[in-house]
Amino acid sequence: MLETDGVRKAFPGVTALDGVSFSLGTGEVHALVGENGAGKSTLIKVLTGVYRADAGQVRYRGEPVSFASPLDAQRAGIATIYQEVNLVPQMSVARNLFLGREPRGRFGLIDFAAMRERAGEVLRGYGIGSDVRRPLGSLGLGAQQMVALARAIEAHAQVVVMDEPTSSLQPREVDRLFRAIGDLRGQGRSVVYVSHRLEELYRICDRVTVLRDGRLVHTGPLAGLDRLRLISLMLGRDLDAVRSEGLTRFAERARSHAAPLLRATNLSRRHVLDEVSLAVRPGEIVGLGGLLGSGRSETAKAIAGALPLDSGGVSVAGEAVPPGSVGSAIRAGINLLPEDRKAEGIVATLSVRENIALAALPRLSRAGIVSEGDVDRVVDRFMRRLRIKAAGPGQPVGELSGGNQQKVLLARWLAMNPRVLLLDEPTRGIDVGAKAEVQVLIDELAEEGLAVLLISSDLEELVEGSQRVVVLRDGAVVGELSGADVTEEKIMAAIAGTTDD
Amino acid sequence: MDADGPGRDHPRGRVRSPGAPVTTTTRERAGSLFRRHGALLVLGALLVIGTLAFDSFTTPANLGNIATASSFLAIVAVGMTFVIISGGIDLSVGSLFVLGGVLAAYGSRYGVVVALLLPLVVCGVFGLVQGVIIARTRMAPFIVTLAGLLAARGLMLSLTDEGATTYLVEDDLFASIGQGAVLDVGYPFLVMLAILAVAVVFLQRTGFGQNVYAIGGNEDAAALMGVPVARTKIVVYLTSGLLAGLAGALNAARLSSGVTILGIGMELDVIAAVVIGGTLLTGGAGGLGGTIAGALLLGVIQNLINQIPGLSSSFQQVVSGAFLAAVVITHRVLGGVRDDDS
Amino acid sequence: ENTATAPEPGGSDAQQQVVESPTGPAGAGCTIARQGATAFDLKTAVVGFSQSEKEANPFRIAETQSIKDEAAKLGIANLKVTNAQSQFAKQISDVQQLIAQGAQLLVIAPLNSDGWEPVLQQAAAKKVPIITIDRKINARHCADFLTFIGSDFVEQGRRAADQMIEALGGKGKVAILLGAPGNNVTTERTQGFKEQVAAKAPDIEITFEQTGEFAREKGQQVTEQLIQSNPDIDGIYAENDEMALGAVTALKGAGKKAGDIKIVSIDGTRGAVQGIVDGWIFGVVESNPRFGQLAFATAQKFLDGEAIPEKVIISDREYDAANAEASLGQAY
Amino acid sequence: MTETIDRALDRVRVVSWLQRYGVYAAVVVLFAFNAVFTPHFLAADNFRTQLVQVAPIVIVALGMALVIGTEGIDLSVGSVMALAASMVALYLGYGALPAIAMALLAGALVGAAGGVLVAVVGVQPIVATLALLVGVRGLANVFLPQLREFTNPTLVAIGSDSVAGVPIVVLVAVVLVAAVAFLVRRTTFGRQLVAVGGNRTASRLSGLPVRRILLTVYVLAGVLAAVAGVLATSRLQASDPTSLGLFMELSAITAVVVGGTPLTGGRVRVLGTVMGALLMQLLQATLIKHNLPQSWTQMAQAVIILAAVYAARERR
């Protein structure tokens, strides 16, 4: 259906793809895996006309093609959901869904009534019931991702390319997505599927291609490929090493009994948060569970002073933090790793070095003058510790792969010597290797006495990582689980509201 | 018009969870209303104030003058609205306006058709070239059209012996397009309304219009969604050039001559009209109705300031500046979504 | 030349001499009967004055002030003044607004000579007489406007040329600091100067022409470039005093002595006349801005039924080393 | 294979060299042209003239570069120059230094007004400063209705004296360039400013005092414009609030952008800005010295701007 032959693509400083020959069969779901920065997104962009390959050939239905733009690819029947949600936030949901193929009425003019109606119908099929006239940007990231999905699938494409489609989805939505993928396969349409979540691959993919450092290292059927073997292929380490390191990342830890380090009391904001209270002890990891849009990110932002509150307050080690100011939260030792790293995290024009040092600058300066030596030391330390893969500290962060961008952000906060870490989806879009590293790191940090609030849509991660889980629904706390109660089932039950309140 | 029409950006209400009903506060609703219709509301308020304060304000002749005189700015602003919604800016319009007028006056000696076609072709080509440069090289529109501003004015000066020659309109039919009036309202205003109607349909009800909003909202995303970004931009700048040239030609018809000292700084007035009309300079949101209200508003402000006796010319400028600031502040405070930046 | 005297030449400095007011062919001249207006009393009438540029240079200040003073003196209660702030589109709107406000007489200092069609139509419909001052409007006498009162810019250019010829002894290289482009004052002052030089002193070579946009700073900057690249220049003709004064600053900065390069300019502001006294400027041709008395007197004559000529050209005096010191008090 | 890589890399290198140094190359080319074709070009006096004339533009452009670095724009700079001129004239009676202080204060206040509109009220920079462009020019004229000459020796000296052969005006510009370069490269504030321009939300979430940074940047731009206004005034030996600094905003923006600072913020090129201003100055001088008409000047400027920015544009 869609093949590449010896494709090469270089960026200044890195060779993102080096002679990759990839082939996608008709009606198959093909997994594309690899570490962060392995070249998956780049390969997809070459396939879909965003980039032109430096060398090599792309063939579609046996014919050599060279798409000049994504539009060309789309016209030929290749639809794509890119890694970062790529829709237009100011436009309404319906208009995003139908952009480029709006239903026409009289005189060939757009028929908005029909468009709204169809959009409502289509999206309900994907579990999105909100008003399709709302601007897309007002939906949570997960919902946005579902809209992007619906858009690609509804375009009647022969090939649907999905770059980490589930990274912001809830389990329920993932199920829905997989049903849609099953339908596609049933209709003889092909899917390229990129994900770091291995269990997902095993659920729906037929074949797998593994990239490492821009080279293709393996391609073949997925069934029968051992999970550990797949990981060793990705990481390029031998099987035994991977086996001995194991895949469980969080260590078991005794429950802390110290006085809470972070205490949030009755955080309220109209229509967003309703009397949310929680406490985290030093050395404790508290999970925050809940559905898409349940207010987890808002809770984190409120604690970090980034969301003005109607009432409620935050204290660290018993001292009240002045409300509504990120600066004072940071001075109190509260640091937030935001959910949307492109919009809220990285400064794409600046280098890795500047991004890491950004928050810590005042500490790395004397009399307002940056002490370059100190910056270099800190940057060097965290680039090593987090194994950030970049051409060098001077490379613009926008050029890094998603996972490495996330690591840069983590480094930014670790450089602050935080007391409280609020991690909103810290491992989203991070490869298995890096994910384990990040999780080990979180563990280490907790061990050092930090209070950690962990938000994750990955229930497994939430369960394994947290000593306690606070469950939110509609901006209010609906349950708290601790000890043996911290299981996926119980969390699901709390989210669904089937437990006692 | 359709409630889902573009530019109708909705208040950023919060959903509880998927499927939950939308909730918006009154304040948010008022804010969104103000953002969309703020210029119109201020315009209404000023008309009332003007009527109460000055006898000679609400006469048909005076209102007709304001309407006619504002229509040129409004026509140019229609083009600018497309440009700004697409996330760009066009600084060349003032120069194209004066160039269009000179060419129209020159062309009128060959009849009305040439008088209209000549400025449209030349200014259209200017817009087209700027659009191609912007779309193909990804240079900032601000810079490309700044160069366009200089180049078009340079061309105009070289055509008129450094501005010394004023061509007179020699075709009566052409002149009558600019000078005729229905009940104190000049034809240019009617032309403006016609252009507005066509532009609204294009912006709101065609795929092209959707594409303009999409690339203004998020250009990279739009490209990935298959929007023909380059083509859309080229058409947008072409439109802006054409409308600036047309407005210049109409104005030449009205003045019966290709006056060479026009259009300096006009781009800023046009941008002000668009922005007062509620279109965001960041692109992706806005509409044409507000733009027209914004253009009329500027005309009314000038007229009102003139009504105040004894205000020195310098004070008039202070008042205009203060007024502009007041309008944008009101806009922002009442209509803007506070993104809680601190 | 048919020299007349302005009515009631009053104060020592403030009055204008009319040097030329041709009555045109066949005893033309515009009478109120021909023009179609009905007579009114100036005192109680609404009179509109449209100024073109901000009152920020001596010429405009003196001009507006003289209109206001004269109106006050005559007891005209209802004088409406607008200022177009150098925007031509605004001036058209301003005058239209004055007409809509019921102006019965319009005095206009036009920014540009062409492009007055919309105003002329409305004024004609209401039979409002228009007097333009300092610059003229290209239109039909009587049908469109009553009269033009002002200087002859071509003549000013010629007189400046005469001064330059005198200064250089008929030989040398001259640079012109042009006024703002696209403006008939610039065009005509250039034209007159060049014509006269070509006619009377073919040995004077005009080697350099750049705009100084009537502004002092631009005049200074252009002159700095000029004397750098053309060190052999002998004279500078500045089309207004501001640019001449900018040129003086530039010459001082370059270490020149007063009189090394002969400067001739037009306007007759106090600063320029002082420049003559100080020896930096060779001569200045005046462009008199005090139109108030003449304008209203002409209007009154018109209302009284007299025939008014198409143009009333006023006399401009000349300043040079001989009279500068004595005339300093009369410069504006 | 390796050959193609090498060639690709060469191309990349050439492109990134052009991106960085294109404007320097253009200055050199224009300079060489003048050295050959313009009489008396290689004279010390000529360099003085060009530098003296470009100094105020450079100073304004420095402030503009900072503002553009934060993804803003400041259209009010020309009017601030005019206001500074009025202040100088009004307070010269108290001596040169108080007058200059008042001028700088006025610049700071206008900058603060712009900063408040942008940072606190949240008005888009281009409109906020457009309102100031109109209003402040009027204000300058209200304070000083017409040009006023002065003979204050200190002020005249600032405009026309030299120290060790270098005009004071140029010295001031050099010092300010150095100071701003230091500010951008070495200080916390400089780093933060660029980050705010690169991603405002991220900067806010990283605890940067975004409002204070924006406010400071606009105040700096206002003060720098006022400095330029004082220098231009002292050079002219007259305060001219009507025409001083007209269209300065466009010259300054041109210098900044031609010098390689993108309008999208997140980067400030100080030396590039100086070069951008020099390039436009040289161009203007070339055309004047060759006595070419205004229309040519404008068309040539258009071409140079496009060429310089084309060479420096971001590739993808």
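Labels A, B, C and D are assigned to the chains in the order they are written; within every chain, residues are numbered from 1.
Everything below uses one rule, namely that a residue touches a chain if its C-beta (ideal position, glycine included) is under 8 Å from a C-beta of that chain, and two chains touch if they have at least 3 such contacts.
What you see is a predicted model, and the numbers here were worked out from it, not measured in a lab.
Enquirer: For chain C and chain D, which third chains touch each of them?
Expert: Common contact partners of chain C and chain D, which must touch each of the two, are B.
Enquirer: Which chains, if any, touch chain B and chain C both?
Expert: Under the touch definition, chain B and chain C have D as mutual neighbours.
Enquirer: With contacts defined as at the top, give the pair, B-D or A-D, that has more of them.
Expert: It is B-D, judged by the count of C-beta pairs in contact.
Enquirer: Taking the mean of the CA coordinates per chain, how far is chain A from chain C in Å?
Expert: The answer is 73 Å.
Enquirer: Rounded to the nearest whole Å, what is the centre-to-centre distance of chain B and chain D, using the mean of the C-alpha atoms as each centre?
Expert: 29
Enquirer: Taking the mean of the CA coordinates per chain, how far is chain A from chain D in Å?
Expert: 42
Enquirer: Just curious, how far off is chain B from chain A if you go by their C-alpha centres, in Å?
Expert: 42
Enquirer: Do you know which chain A residues sit against two or more other chains?
Expert: 306, 326
Enquirer: Could you say which residues in chain B touch two or more other chains, in rising order?
Expert: Only 157, 162, 312-314, 316-317, 342 qualify.
Enquirer: For chain C, give me the residues that contact two or more of the other chains.
Expert: In chain C, residues 54-56, 181, 211 touch at least two other chains, as defined above.
Enquirer: Should the pattern of chain-chain touching be classed as line, ring, star, complete or other?
Expert: Basically it's none of the tidy shapes, so other.
Enquirer: Can you list every touching chain pair?
Expert: Here the touching chain pairs work out to A-B, A-D, B-C, B-D, C-D.
Enquirer: Which stretch or stretches of chain A touch chain B in the complex?
Expert: On the chain A side, the touching residues are 50, 69-71, 74-75, 80, 82, 86-92, 94-96, 99-100, 102, 108-110, 112-113, 115-116, 127-135, 137-139, 143, 151, 270-272, 291-294, 306-308, 324-326, 473-475.
Enquirer: Touching residues of chain B toward chain D in the complex: what are they?
Expert: Counting only chain B, the residues touching chain D are 133, 137-140, 142-144, 146-151, 153-158, 162, 268, 271-272, 275, 280-282, 312-322, 324-325, 328-329, 331-333, 336, 338-339, 341-342.
Enquirer: So in the complex, the part of chain B that touches chain C is made up of which residues?
Expert: 56, 59, 61-62, 65-66, 68-69, 72, 157, 160, 162-164, 166, 168, 175, 179, 186, 251, 254-257, 259-262, 264-265, 299, 302-303, 306, 309, 312-314, 316-317
Enquirer: In the complex of these two chains, what residues of chain C are touching chain B?
Expert: 51, 54-56, 80, 82-83, 85, 87-90, 92-94, 96-97, 99-102, 111-118, 121-122, 180-184, 186-187, 211
Enquirer: Contact residues on chain D for chain B in the complex?
Expert: Contact set of chain D toward chain B: 75, 117, 121-124, 126-128, 130-142, 145, 200-201, 204, 210-211, 250, 253-254, 257, 262-264, 293-299, 301-303, 305-306, 309-310, 313-314, 316.
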